[in-house]
Amino acid sequence: MKKMLNGTRDLQLFEVLESEVRSYCRSFPTKFQKATGYQLWDSNGNGYIDFFAGAGALNYGHNEPQMKQKLIDYIMRDGVAHSLDMATEAKERFLSEFNEIILKPRNMTYKVMFPGPTGTNAVESALKLARKVTGRQTVMSFTNAFHGMTLGALAVTGNKFKRAGAGVPLNHSISMPYDGYMGKEIDTLKFIENYLQDSGSGVSLPAAIIVETVQGEGGINVASSEWLKGLERLCKAYGMLLIVDDVQMGCGRTGTFFSFERSGIQPDIICMSKSIGGYGLPMAITLMKPEHDQWSPGEHNGTFRGNNLAFITATEALRYWKTSQFAADIAVKADKVKRSLQRIISNYPELNGEHRGLGLMQGIALEEGVAEQISQLAFEKGLIMETSGTNSEVIKVMPPLTIDMEGLETGLQLLEQCMNDIKLEARAPIANV
Amino acid sequence: MKKMLNGTRDLQLFEVLESEVRSYCRSFPTKFQKATGYQLWDSNGNGYIDFFAGAGALNYGHNEPQMKQKLIDYIMRDGVAHSLDMATEAKERFLSEFNEIILKPRNMTYKVMFPGPTGTNAVESALKLARKVTGRQTVMSFTNAFHGMTLGALAVTGNKFKRAGAGVPLNHSISMPYDGYMGKEIDTLKFIENYLQDSGSGVSLPAAIIVETVQGEGGINVASSEWLKGLERLCKAYGMLLIVDDVQMGCGRTGTFFSFERSGIQPDIICMSKSIGGYGLPMAITLMKPEHDQWSPGEHNGTFRGNNLAFITATEALRYWKTSQFAADIAVKADKVKRSLQRIISNYPELNGEHRGLGLMQGIALEEGVAEQISQLAFEKGLIMETSGTNSEVIKVMPPLTIDMEGLETGLQLLEQCMNDIKLEARAPIANV
Amino acid sequence: MKKMLNGTRDLQLFEVLESEVRSYCRSFPTKFQKATGYQLWDSNGNGYIDFFAGAGALNYGHNEPQMKQKLIDYIMRDGVAHSLDMATEAKERFLSEFNEIILKPRNMTYKVMFPGPTGTNAVESALKLARKVTGRQTVMSFTNAFHGMTLGALAVTGNKFKRAGAGVPLNHSISMPYDGYMGKEIDTLKFIENYLQDSGSGVSLPAAIIVETVQGEGGINVASSEWLKGLERLCKAYGMLLIVDDVQMGCGRTGTFFSFERSGIQPDIICMSKSIGGYGLPMAITLMKPEHDQWSPGEHNGTFRGNNLAFITATEALRYWKTSQFAADIAVKADKVKRSLQRIISNYPELNGEHRGLGLMQGIALEEGVAEQISQLAFEKGLIMETSGTNSEVIKVMPPLTIDMEGLETGLQLLEQCMNDIKLEARAPIANV
Amino acid sequence: MKKMLNGTRDLQLFEVLESEVRSYCRSFPTKFQKATGYQLWDSNGNGYIDFFAGAGALNYGHNEPQMKQKLIDYIMRDGVAHSLDMATEAKERFLSEFNEIILKPRNMTYKVMFPGPTGTNAVESALKLARKVTGRQTVMSFTNAFHGMTLGALAVTGNKFKRAGAGVPLNHSISMPYDGYMGKEIDTLKFIENYLQDSGSGVSLPAAIIVETVQGEGGINVASSEWLKGLERLCKAYGMLLIVDDVQMGCGRTGTFFSFERSGIQPDIICMSKSIGGYGLPMAITLMKPEHDQWSPGEHNGTFRGNNLAFITATEALRYWKTSQFAADIAVKADKVKRSLQRIISNYPELNGEHRGLGLMQGIALEEGVAEQISQLAFEKGLIMETSGTNSEVIKVMPPLTIDMEGLETGLQLLEQCMNDIKLEARAPIANV
């Protein structure tokens, strides 16, 4: 069993100089220095296993050696670092490889847009395009969706606290029940179709449906393949574009490169960011079917849409997808996580846990407050795990996809120890809240 | 005199795979490979003088050697690359140095927020905060303003084409005439105050005024110091926050670190991006007076708000501001540019040029179509210059601030040659349109 | 059996001079001249039984003799006709009698507002007030709701065609499923509560719920008393105001003065218009619980909010409610209508009719197109009936409440004849579409 | 000189039962009973001269004898009172006479719409239509405009207090400076055109401009004929519709039937209400050029759009316009008012009055607070006058157009007495506030 962390954690400078908006540094209150693969070290030399993976931006782990080498080589030879949307060799190579390794083998024909290097930018560009292509304004989104923090993306995000931050009403969106939101017995697709086909429903025909195939921030809610296919059918029937926000679930997080592969759908627009850059460098792409590429030049732009350092690492990251081995490895690890979580749940029935998720986006839903306690305990033991769900009720297991079996095992053991500690606390005469 | 460019420019792959939204690669149609300081080279070995500077993201030039070294060192030692808003040593050092080198010597007390690594993100966060602090919704912006492409920032941007791209109405903003917009004889401040104080004006009191001290995209329009002071006075009188968008004009572009230093105002909120990262890496900060730091933790967030590679180069870039030498150097170069442009204007009276700008954000306003021709001619001669203004009527001289006198001289000579070519064309029997 | 109508129907002048927006004159294409009780006559002397009752504005029939006499007396003695919201004797008497005859016996304490003489005005004032009292912006409305045609009321109306007429997006409202909208087995209240209590639902807490207890325009959908009580409970639990739009269902249409009496709820705000004036004269009132009367003087106004001629007839109309006799009479007639409609439905099973409604707001839902044919046939036979529902699929029986049994009988027989004609047509070798 | 008013003014019942929103009954705190021509009487037998004219709804005076007789005849013979938009003889006659007496002699070809019986309804219908015809959303309105209290009309109204009453943001409108708003030396038309033609102005092309030729509520601001013509020119140049809101200024208030006749413009859409019904009965019409009549049937509707009693009096009112005599009479009275007001202003230079207006819409702008005092004093002397302007700084002379010279004289003398009383007060040692 791992010892508790050493050293003082002097974060005073952050408290004085950085805005109150800071957040993860409150959950993981130490100063990080170094990282490789699935491990992080702080200034006091404490090591941490990373079951957080940069909220999905580090699917290939920290400072992956081959990407690192390519990155250094590029910088050393004075490769263009910043280029807006001018043509560069680095960008050309990314486009070419992405097409060869990702799109072609999946029989996908898409144009690639560089909308600015963040997920919210990809979403904003997707919403603009869908509205332009259809000439409609409303976009249908889902309960517990998370799509970003700029005004357009925020309008299709479910979280009330985040929405309230806008300070203005968020309009031109309609929030429909996600798969399973109304309980297992009710098919929310049917409800949605009612609203679309009934000319008295008060809802105008949307330009698009924007959906995550698994809602990560929303509590690890998995949409069934049938439901996703149903959405695609509705989109075709009512002239809407289907936008899949694969910012967090893409790049292998759920087991395949695109998270929707399991369902067989072909979205009209796909938003990617986070791990697309490979190394945790800011980058985003928006994919669109060629017939929807109705942009005028410069109609959407952004200073950092040509982050060539990210193109270098992004291209290198594609190497993982050249064969089916990587997906097969993820499947093995996912299975291990699933079995471990199920065992933990059954070992601690008092905690009333519910397994959630698939691929390496799994977790346990717990009673309110418990997941946050576990996250805190885990941190003390050297394991970084975040919570999700509206009330932070889900503890998330989300390691780099490249984690080895030993790291996975160790992390899961630490998680189990936290469950045990919680249970012990629950039994103790005076509860520690 | 420089020869015309060599080689074929094979951009076919971009045409096939990249979205029609691409823009600068149409103005500068070649594939770039390498860059240092104020120079770029394409795949055919052609060299270019850079009077564009990444639209203001490369104030310190391409691949500045000291930043480059620090960057490589950090990557080599597996420094944390991606960290969301967790505390890292790289971030701590940036915060500390920014406070010591920039804020303290200017008697400025501000909290720093990392809103996501783009200018539009900084603007979105500023708008949210101003609305939260004041409890009001409307934000006053200006004719020909440019603040970004996500929905909140777009609502305070003036350009109709960009606005139309939203596909939904852009609300909660009011566009007022910028300094000089109604001609020299009319004081737009007075007009604005009328609207604020008259309870019949149809305009509710705004949460904030957002302003660029010089409008770069809008055509290099310079607001006078008196006008900026007047805005500050109006903000105090009517309980509005003053937001300066220093994304493009900050980091020395107009001659001082903050562009508003010449006016002596102290904005409530300051948005910075582009050159803040030093090396062209995506980074943005939002500065706010401590009393306005009313954020709840996580109320605004973003995956790439902890781009540590940018923190490393950003910290190194601050070195330029440790003494007053850098500002003094910029002043000398600015003066040279000014005299050259004025001479060019007087040498080619037929072109009816008007000098615009200050610092190293200068240009010549020309009749519609001419500036675009010059930009194209310049590219053929190996000089990268962009246009600005609603109708692209202004040719922009915007080199890296670190350019040496020789580079500056060469670029300005190439510009003059373009003017001459245009003039010759104008005289030629058959005009080339 | 009644003969077909006589005479030419010269509506040419309307076609030339009146806007294409005209509507009922297309369904009932003749020129009306005279009317009493439940009967109308056109310029050719044709008589019509009125099962339409001014869309609910003529609950006491046309030109009711006692109101008519009071009206003439008032005009003859030069009583003030128009008075904005100045105090007049006519208004005082209405207020006093409304309080004595309607409010007090029902243990209701409400303030009365005169918001302008139309239903949509009453709704606009109710929405403003609810937003002011709660400081919230969104209002929850229902599928197939109808609340009016001005922009605020239209935003809470369900019909897509009407909504599209706005020409701008209709915001700050959320359309929830009405009682029964998702089928009998699904409790829409539970769905609504989910959205309210889940902080990830994408819906901010509404200022108010606005509801019709029976949706007239929406297809005669009756909300159960339990559902209405549930809405009241939700309003209390989530700090929302409950607004009942009793514009069409009030004044006895469903059997009691207020349509919600059957459910025992006490709405925070009640909108009334149509029959409140008694004689078909424009008038509306908005009732609010005294604690919600947070208006500033003149915060909502309107030129015709003091229509004294309507106050005179409105006061006289209250006479009907002095005893329980009127309600008892309505119940007898409602029962007769119900039995007749059920018999008709069972006599013509091919027409697949479904009984809808209660009180003297009843009808038969039919397959698309049939109800409109019946309305047309009925008109030819001298019976005025309109359709409702999103696709005009419901034929509406909505006579004046004062109709006698003979008139009711005759009208119902004519309706049955229409059903028979339709059935005959259906059997005929060549269908007449 | 008139004595002060007699009797108690028992308004307690209104205070208890009517909403706090009531307004004019606070300015004129007595209970009115009877009225003819330009005179009103209260329950205590006090008589009042009416310089208010129902805020413009009583241009033909109270209970005009010929309209009264026609109204009684129609009611007596059981003419249809309420008919939605069905064809009636009363409506046909109004349409026909309006065309013959008003439109044809002015060479105007317009279709007539009955949008519901209030001014705000007429405005809402005009805005909808302009948006439909142009496919645009924004509407340009003016500082200090007043167009109504429902959400669409409120969005083009200038008054902040009224706007705030909406409780939601009012969008899709832009408030431009009215003629003279920026001082005499600045041509606001030029400013407006700048915004329209500059693609960087932040303002999208509007669907329409809505304007009052004289702003009554806004403080009696008169637009010059040149300015109105300029608006018409801008509308043609930029594909916008010109909407004149003639609700208060129409029906002769400014000297001609339509208020814009002095300028020679031909608006695309005209909104009328208030005095169009003649007798103070609720009625409104929207006139549109035939090519703009692109309504679908029922796209805008309303229960009381067929107020036949108003059609009867409206038709009778048209009699006034059969010859040029009525306009000539108004001109004589207007001249008398103008001379009287100018004399009063020069007699009391301490009060710093400024003459405003034309026709029988005139007034005196005074220092804040003075106009309200005068209104109160006038009421005590038996003269009903309201104030207007954002700060109620203008005292309004707005008698029925049918007032005789004696009545006019008496009223103006009472006004002069009030000025004298104010002046005396000002001199008194202790000011009575």
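As written, the chains take the letters A, B, C and D, and residue 1 is the first residue of each chain.
In this text, a residue touches a chain if its C-beta (ideal position, glycine included) is under 8 Å from a C-beta of that chain, and two chains touch if they have at least 3 such contacts.
Here the structure is a predicted model, which means the values were calculated and not measured.
Engineer: More C-beta contacts across A-B or across A-C?
Structural biologist: If we tally the C-beta pairs in contact for A-B and A-C, the bigger total goes to A-B.
Engineer: Among the chains, which has its CA centre at the largest distance from chain B's?
Structural biologist: That would be chain C.
Engineer: Roughly how many whole angstrom separate the Cα centroids of chain A and chain C?
Structural biologist: Centre separation, chain A to chain C: 50 Å.
Engineer: Centre to centre, by mean C-alpha position, how many angstrom separate chain A and chain B?
Structural biologist: Chain A and chain B have C-alpha centres separated by 31 Å.
Engineer: Using the touch rule from the top of the page, what residues of chain B touch 2 or more other chains?
Structural biologist: Residues 137, 161, 168-169, 171-172.
Engineer: Taking the complex as given, what residues does chain B use to touch chain A?
Structural biologist: Within the complex, chain B touches chain A at residues 11, 13-14, 17-26, 28-36, 40, 43, 54-58, 62-63, 68, 71-72, 75-89, 91-92, 95-96, 98-99, 111-114, 116-121, 124-125, 127-128, 130-132, 137, 148-153, 155, 161-162, 165-168, 171-172, 207, 247, 273-274, 279-282, 286, 288, 293-304, 307, 309.
Engineer: Sort out for me which residues of chain D touch chain B in the complex.
Structural biologist: 137-138, 141-145, 156-161, 163-164, 169, 171-173, 175, 177, 181-182, 186, 191, 194-195, 198-204, 218-219, 389-391
Engineer: Show me the residue ranges of chain A that touch chain D in the complex, using the header's touch definition.
Structural biologist: 168-169
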